[in-house]
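Chain naming follows the written order as A, B, C and D, and within any one chain the residues start at number 1.
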Amino acid sequence: MGGNMRERLRSAGHEVVGFDHNAQISDVTTLAGLAEKLESPRAVWVMVPAGVTDATIDELAEVLGEGDIIIDGGNSRFSDDAPRAERLNQRGIGYMDVGVSGGVWGRQNGYGLMVGGSQEHVDRLMPIFNALKPEGEFGFVHAGPVGAGHYSKMVHNGIEYGLMHAYAEGYELMAASELVTNVPGVIKSWREGTVVRSWLLDLLDRALDEDPELADLSGYTEDTGEGRWTVDEAVRLAVPLNVITASLFARFASRQDDSPAMKAVSALRQQFGGHAVHKR
Amino acid sequence: MGGNMRERLRSAGHEVVGFDHNAQISDVTTLAGLAEKLESPRAVWVMVPAGVTDATIDELAEVLGEGDIIIDGGNSRFSDDAPRAERLNQRGIGYMDVGVSGGVWGRQNGYGLMVGGSQEHVDRLMPIFNALKPEGEFGFVHAGPVGAGHYSKMVHNGIEYGLMHAYAEGYELMAASELVTNVPGVIKSWREGTVVRSWLLDLLDRALDEDPELADLSGYTEDTGEGRWTVDEAVRLAVPLNVITASLFARFASRQDDSPAMKAVSALRQQFGGHAVHKR
Amino acid sequence: MGGNMRERLRSAGHEVVGFDHNAQISDVTTLAGLAEKLESPRAVWVMVPAGVTDATIDELAEVLGEGDIIIDGGNSRFSDDAPRAERLNQRGIGYMDVGVSGGVWGRQNGYGLMVGGSQEHVDRLMPIFNALKPEGEFGFVHAGPVGAGHYSKMVHNGIEYGLMHAYAEGYELMAASELVTNVPGVIKSWREGTVVRSWLLDLLDRALDEDPELADLSGYTEDTGEGRWTVDEAVRLAVPLNVITASLFARFASRQDDSPAMKAVSALRQQFGGHAVHKR
Amino acid sequence: MGGNMRERLRSAGHEVVGFDHNAQISDVTTLAGLAEKLESPRAVWVMVPAGVTDATIDELAEVLGEGDIIIDGGNSRFSDDAPRAERLNQRGIGYMDVGVSGGVWGRQNGYGLMVGGSQEHVDRLMPIFNALKPEGEFGFVHAGPVGAGHYSKMVHNGIEYGLMHAYAEGYELMAASELVTNVPGVIKSWREGTVVRSWLLDLLDRALDEDPELADLSGYTEDTGEGRWTVDEAVRLAVPLNVITASLFARFASRQDDSPAMKAVSALRQQFGGHAVHKR
């Protein structure tokens, strides 16, 4: 669990034992030490990079026991959850998947939590969820059985891709127009009273305050897995997901120096039309 | 000007003379009567259906004079603004275009205002704008010269198409999934703490509270002009607008009983592959 | 292997033993019988529905032996090929994957063959490929190692989706226009001299000859796997595949009575704008 | 009229008087000279860059008279045709619009002709169309009244964008894959026996013969008007044109050094997630 979440939990009066590969911020030095320091029944919140989640959980299973619960709060693919729950279940260990939203702002605003697991496990861990989530009536959902938490988070991120790209396209169009001379001002004005107001819009305004022409940024943009999984699911379930997919593909394109596809188009135009083309 | 805006202005202490084709809510019975009742220099806010805006403005020009200002607060196409300003200018009448966002909620929350026109005119009408806009520091922008107000509003609506469709796709994907058993709950949870929180999300939650499976609605969806103009501008300015355009095209498709294009695809499959196809 | 392919092989002087679940057109009644009737080293061409390919191949492996080759000419997913080759390799049985194009027209025109496998196996089976492929210099490729045949065929089909949809969109636009009064005539004219001439266009013309307004067809259109796999690969390899994906999603949409996403959009418009919406 | 078309007409026994701004290949030095040299009733085929078509036609109208016909064989926007026909009609001069396809290959293969105009005019000029079109039964259509020729050609080019992009995406995907080691070979093989065979595919193969990795080309790709007009028409007529529009937008994107929209996405990711972003 990240340092920010730990702080939020401790502020709410929970005892938390932290374990981190960074020894300086770690309360214990081994997973066995972690298990020892917690009272049964234990709840262990895992939040590690996607690649090492299964290894971490399997290692944890060795030092935990009957009645304990492991929560994966990282960005695992939902399809990993059921097999994990199955493996842990054979040892009497419970499993929950929690999609966590909020980024670096969660410490302050609370984290949006989407939870997959049994009702019994949700009830047992509700005090922890209450400490992490925002204070109002929203920000928490028991989305369904094991896997539903990561599934909801995946869709959340897919939507996020689409929302960001919609704003980005509007921004680009205004910047290209001859009429709108105060583009950052328009973005800022939208923060209240309009249909498009949102937290992401607030952040776009913030970014434009810092750099009104986004001159210091490159358009090269990574993607982090959830967008791809969302499109994979659209394909599997035959759901037409044009907007979210276009947002994902725009990220792919942003990372290409030159588009092989457009080189092929260029080659074709040269062949049939004698169109002048750009040589490298 | 709509009744709601009038109320907001009156609450702020402005004298407003209303003219409406609905005689019962109208303070005067003719445009000439309207001009007479206002003190010079007059400001006349026009908010009529797109088709009759020019006729209304030209009629108004006959009863107004030097130093007066006409404001078009309707959803005119930005390209109509400059010719209008030109015509009015020949009579010494000023012109401003104001994009207004907020829908039926504006009365209560204030209206997002995007204004095109000269600095002088903006300064003169600022008290009116202050009364209409939300109370905070946002919700108003002087976007640029005549035309920039409607341009910004057009882009605002284009973005709105994209935002709505991104949420809609995520909603559909979750509804199609086997794992998420509480789709309205997930949407509701997103209202705080998450990256995708927004006013539109609040409204989606509200709609799902009323009808958790949207069972009473048809997917048949109109479009109101601004989305189309946005795509036209993207084409004119060579801006790749994949997300917003996909949202617009999805509305077009929602209004087709059967897709002629898909009938052609179906015909092709039948021809080359002997694929079984669906006959009508 | 289908009856048409068998005929093409026999016309070329090859001895072919057919086995089919339809006993009447089958030369033998069991796979063991098939193996017995062929001389070593044997080559067995499997062309069965996707779901039973692995079972069929594993059954075949029981009755074949060292030096024999199994060819999968069906529409398997390319990722199934390497594991199969591996399993067969342990018994000394070779494996090749062949993507076959041409549909019901292959008997007459020859089949387009895309082959994955070792050079040695390609050399050995070249007489068979020569008999199946079209007579000219094209229609056959050794695309790469095991898997490359099905991969190429998958991409071929992805492209096919895009091509068909491009024609279909143009057809729909002309049909919607006020000016083009002879849409089938325009399509027919394109068959020679134009940049868009193709075999698919010939087939579209043929379909319009039979039904000039495609009045007997529904737009409901299936998809057969390769289109989905193509998009999955685009996602995996971070290749922006907007056109092919849009074609696939259009098929998904063609099978929906009403779009859940558009119902959500409709719900949102009702919430913020009081827009009249269509009730069911 | 271009030199190649002239040659085709002369080969067919037609007398042709050429006028060109390039004095060396011109048979006359002025439009008046051109009119003088032709026998009444005259037919004048105009094929000039889009920007000067109206000026040329209006100049021609001064030197032509009752019963003559002007044919615009250039790539005019269809909406220019009706006003032109109207202007010429007032002088008793006929007008036809002819969309011409075939590019630099037309001299040899014949030109695909899409004609808009009255039946009477089509009948009168049929000998000329017969000389220009390919020899087979295809390659010519009387698409409808004035405007329909350019409309059909516009849609033809829109489809062309989509077809080219479908091939281009498939090419890119295969080039990115680990399995297909002989991408140009796969493209070449498709020229016979497959569903995707076409003239454009032949040209792609030809391009890859010359430059197997398209190493000498840039992806920077122009667009020439018809693609944009096609999308404008889709918007006007509410036809969902996802594939053709995606092809057009890909060209727009190919000409951007960096995408302003993706810079905005990058800015947003930095704001909410502290994601590392690429600085310029």
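Assume contacts are C-beta pairs under 8 Å (C-beta built on N, C-alpha and C of every residue); 3 or more make two chains touch, one makes a residue touch a chain.
Quick caveat: nothing in here was measured; it's all calculated off a predicted structure.
S.K.: Shared touching chains for chain A and chain D?
M.R.: Under the touch definition, chain A and chain D have B, C as mutual neighbours.
S.K.: Using C-alpha centroids, which chain lies at the maximum separation from chain A?
M.R.: Looking at centroid distances, D is the chain farthest away.
S.K.: Is it true that over half of the residue numbers where chain C touches chain D are used by both copies, so same, or is it different?
M.R.: Same; most numbers are used by both chain C and chain D.
S.K.: Per the centroid of Cα atoms for each chain, what is the distance between chain C and chain D, given in Å?
M.R.: 32
S.K.: Could you grab the centroid distance between chain B and chain D? Build each centroid from C-alpha atoms only and quote it in angstrom.
M.R.: That pair's centroid distance is 37 Å.
S.K.: Can you list every residue of chain B that touches 2 or more other chains, as numbers and ranges?
M.R.: If we look for residues of chain B contacting two or more partner chains, we find 103, 165, 167, 169, 172, 176, 195, 199-200, 234, 239, 241-242, 246, 249-250, 253, 259, 261, 272-273.
S.K.: Can you tell me, using the touch rule above, whether these chains form a line, ring, star, complete graph or other shape?
M.R.: complete
S.K.: Write out the stretch or stretches of chain D touching chain C in their complex.
M.R.: 78, 101-103, 106, 109-114, 116, 133-134, 136-145, 147-148, 151-152, 155-163, 165-167, 169-170, 172-174, 176-177, 179-182, 185-186, 188-201, 230, 233-234, 237, 239, 241-244, 246-247, 249-250
S.K.: Please name which positions on chain D make contact with chain B in the complex.
M.R.: 195, 223, 228, 231-232, 234-236, 238-242, 245-246, 248-250, 252-253, 255-256, 259, 261, 272
S.K.: Would you tell me which residues of chain C are touching chain B in their complex?
M.R.: Residue list for chain C touching chain B: 103-105, 164-165, 167-169, 171-172, 175-176, 199-200, 203-204, 206-208, 211, 214-222, 224, 242, 250-251, 253-254, 258-275, 277-280.
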